[in-house]
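Working notes, structure below.
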Amino acid sequence: MIPESRADVDRDIEATLGLVPEFFKQVPDYLIPTEWASFKSLELSDQTAIPNKYKELIGLAVSGATRCRYCCYFHTEAARLFGATEEEINETALIAKNTMGWSTYLNTLQFDYDAFVAEFDQSLEHIRGQLAGAPA
Amino acid sequence: MIPESRADVDRDIEATLGLVPEFFKQVPDYLIPTEWASFKSLELSDQTAIPNKYKELIGLAVSGATRCRYCCYFHTEAARLFGATEEEINETALIAKNTMGWSTYLNTLQFDYDAFVAEFDQSLEHIRGQLAGAPA
Amino acid sequence: MIPESRADVDRDIEATLGLVPEFFKQVPDYLIPTEWASFKSLELSDQTAIPNKYKELIGLAVSGATRCRYCCYFHTEAARLFGATEEEINETALIAKNTMGWSTYLNTLQFDYDAFVAEFDQSLEHIRGQLAGAPA
Amino acid sequence: MIPESRADVDRDIEATLGLVPEFFKQVPDYLIPTEWASFKSLELSDQTAIPNKYKELIGLAVSGATRCRYCCYFHTEAARLFGATEEEINETALIAKNTMGWSTYLNTLQFDYDAFVAEFDQSLEHIRGQLAGAPA
Amino acid sequence: MIPESRADVDRDIEATLGLVPEFFKQVPDYLIPTEWASFKSLELSDQTAIPNKYKELIGLAVSGATRCRYCCYFHTEAARLFGATEEEINETALIAKNTMGWSTYLNTLQFDYDAFVAEFDQSLEHIRGQLAGAPA
Amino acid sequence: MIPESRADVDRDIEATLGLVPEFFKQVPDYLIPTEWASFKSLELSDQTAIPNKYKELIGLAVSGATRCRYCCYFHTEAARLFGATEEEINETALIAKNTMGWSTYLNTLQFDYDAFVAEFDQSLEHIRGQLAGAPA
């Protein structure tokens, strides 16, 4: 059952995080129960489809691409907590770099979306064919 | 003197652009005189420090990086109007790609800003030295 | 050795993707060898630190957060190619949502960065302690 | 009449703001008359359709979502000047958080735009019906 | 009490919105109770500090500045539902325009943050003095 | 021929920039040869279609619009290196401001894209006619 009083929520945050961070303290009483429960279920549970380490790397890439220094710190350290190596953190930054670079190119030159999709569908079929034909 | 009645402004827009575009029509009466005057002085004057072609390429890169399809169309066509070649338009997209890519890398990995600046200052000095020493 | 002529690069793109996509065709001759080689080594190699499926999910989250429909299509389909389930794709969108939501909250209210870091460091220590003390 | 000399504009800025802020000083002579007039008419007038307090909260939400620390400070303090409570400022951050979160979810999963609009139109009709049927 | 089964949540969404929109259907079972409760409490309640009309205008400005066409549609129509006039919607777009414009200027030229704050604090004092001295 | 060993690449970076900046050091061995070669060919060559000064101003505008303080510093100083005046740097910020402002207005009010394009095409024809008819 979702705890609904501020006191109960605070107790759960403190048990989980060791303290109630200022940014949760600022969330008003009427929202904190559901905000905390959503945050905890998604970010801190090991029952999700994506392992915690990769969830943090996803969060890190988004934070870097959208320039949030709070979240870059948060997700880098949380990724390390869940076992990410320096190489994986660095690669995350490279993938974010590559995504933002090419997306900027595509949007600047306004490539035709339908043609882009058609070409990529053809590529996917080609690659699937190759993977299927690869020796075991 | 800046025209201040809607009718006078509309006449000037029409003389300049051949019609009053819908997005200027939507600007309320109390703002259109100064909004149009600013737009015209900056974007359509050949008295600015940066030539019109490059102003449009700057606008195009910003539009591609921030995903505005109206403005990508606008600035691409305006750049062509002022003489931009396909090669220059494409290179603009490449520079925007490069800038967004590396900036995402730098922000994701939270490089130390002061160290970044110190290193770059050292590079600038090195490059200035080389340029100065280059044979005429 | 990195192929350096356009023809060699095109041949390699075609062997890999089944065709030369329009967006690679537009990259000028002097850049295509290194642009393609970087793209291929990072995005299409299985020698990277992060498995291909997660690399694509990272790219998808970045694309959704920064509103690139080309790249959302690309990374969704590429993630599926590398075995991502619908549940993992959906969770990627939820993590991107959560990251963008909280980062917006933090930036709007200008939380003190150093206090944020100090609190989070304390949390990390608490969580590490719990993980260490957990029964095997 | 819009003042057109730099000296007249500076005098008006100083009378309004108590000083000429550096960022207005940097605007070149040919643009400052219209830039200042637009700024003043929109941001500092009490003749606009939206009351000043809410204009500042709108500016704050935009600034937080797009990560401008200058403007977060500016709009927070200006909102307070026009009577915003801490609760309203906090709620502004929550609305910005909610908007950025859900928009990221929608864009990442590329929901069909027309279906989204059709569903929402149906919801609006439902809600209008309920509001109309509510007892006075 | 927050409904926690999918069926109960769906019933509440349907009672409120007339249908369960696709984007809520996609949220997994373990998150939908708290995601819907947060959304409903913040966006659809008339117990918040900011009136519904202004909450929607804030959401609209954020959506326009960050280029989400789903959310621009959503918040425009929701603002109209809560009584926003065309003039208020248009003014919201003008405030978003002004905020994004000046924030881009400030960030491009890297104005000194502390000097910016000091100047603005001085302005606030000046304006407060004027408001205090204004005849009733 | 593109140097492919880390040592050769580092030697070339050092010869060009006077040192190997930390952000290049962090790029893994398998990517640095092509990343450096792309960077050098695009940003540091005087064989490109757009002169170096304008390439840096384009990078600066993109950096300001997307809030990267590393890149604002980098591109401002690089623009100065290639001869940009303070007036040109300031005008770059004004163009970025104008682009982000109007694009936000257009996206917030969801102007019809096809009508926007049709109107602008008509304007372009009008302006071309005027330029053609202008006395030499």
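Note that the chains are named A, B, C, D, E and F in the order they appear, and that numbering of residues resets to 1 at the start of each chain.
We take it that a residue touches a chain if its C-beta (ideal position, glycine included) is under 8 Å from a C-beta of that chain, and two chains touch if they have at least 3 such contacts.
If you're wondering where the values come from, they're calculated on a predicted model, not measured in any experiment.
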item: Where subunit A and subunit D overlap in contact partners, by chain label; value: B, C, E, F
item: Interface copy of A-D among B-F, A-B or A-F, judged by whether over half of the contact pairs recur; value: A-F
item: Farthest chain relative to subunit C (centres taken as mean CA coordinates); value: D
item: Interface residue identity across copies subunit A, subunit E - same or different by half; value: same
item: Centroid comparison with subunit F (C-alpha atoms), farthest chain; value: E
item: Subunit B-subunit E separation of Cα centroids, rounded to whole Å; value: 29
item: Interchain centroid distance [CA atoms averaged], subunit E/subunit F, Å; value: 32
item: Inter-chain centre distance, subunit A versus subunit C - centres from mean C-alpha coordinates, in Å; value: 10
item: Shared interface positions of subunit D, touching two or more other chains; value: 26, 31, 38, 42, 61, 63, 65-69, 73, 87, 90-92, 94, 96, 98-100, 102-103, 105, 107, 109
item: Residues of subunit C that touch subunit F when the two form their complex; value: 1-2, 4, 30-31, 33-35, 37-38, 41-42, 47
item: Subunit F contact footprint on subunit D (complex, rising order); value: 26-28, 31, 66-68
item: Partner subunit B, residues of subunit A touching it in the complex; value: 60-61, 63-65, 67, 69, 72-73, 76, 89-90, 92-94, 96-105, 107-110
item: Of subunit B, residues touching subunit C in the complex; value: 67, 87, 90-91, 94
item: Residues of subunit E defined as touching subunit D within the complex; value: 16-19, 21-23, 26, 38-39, 42-43, 48-50, 54-55, 57-59, 61-63, 65-66, 68-71, 73-75, 77-78, 81, 85, 87-88, 91-92, 94-96, 98-100, 102-103, 105-107, 109, 111-113, 115-117, 119-128
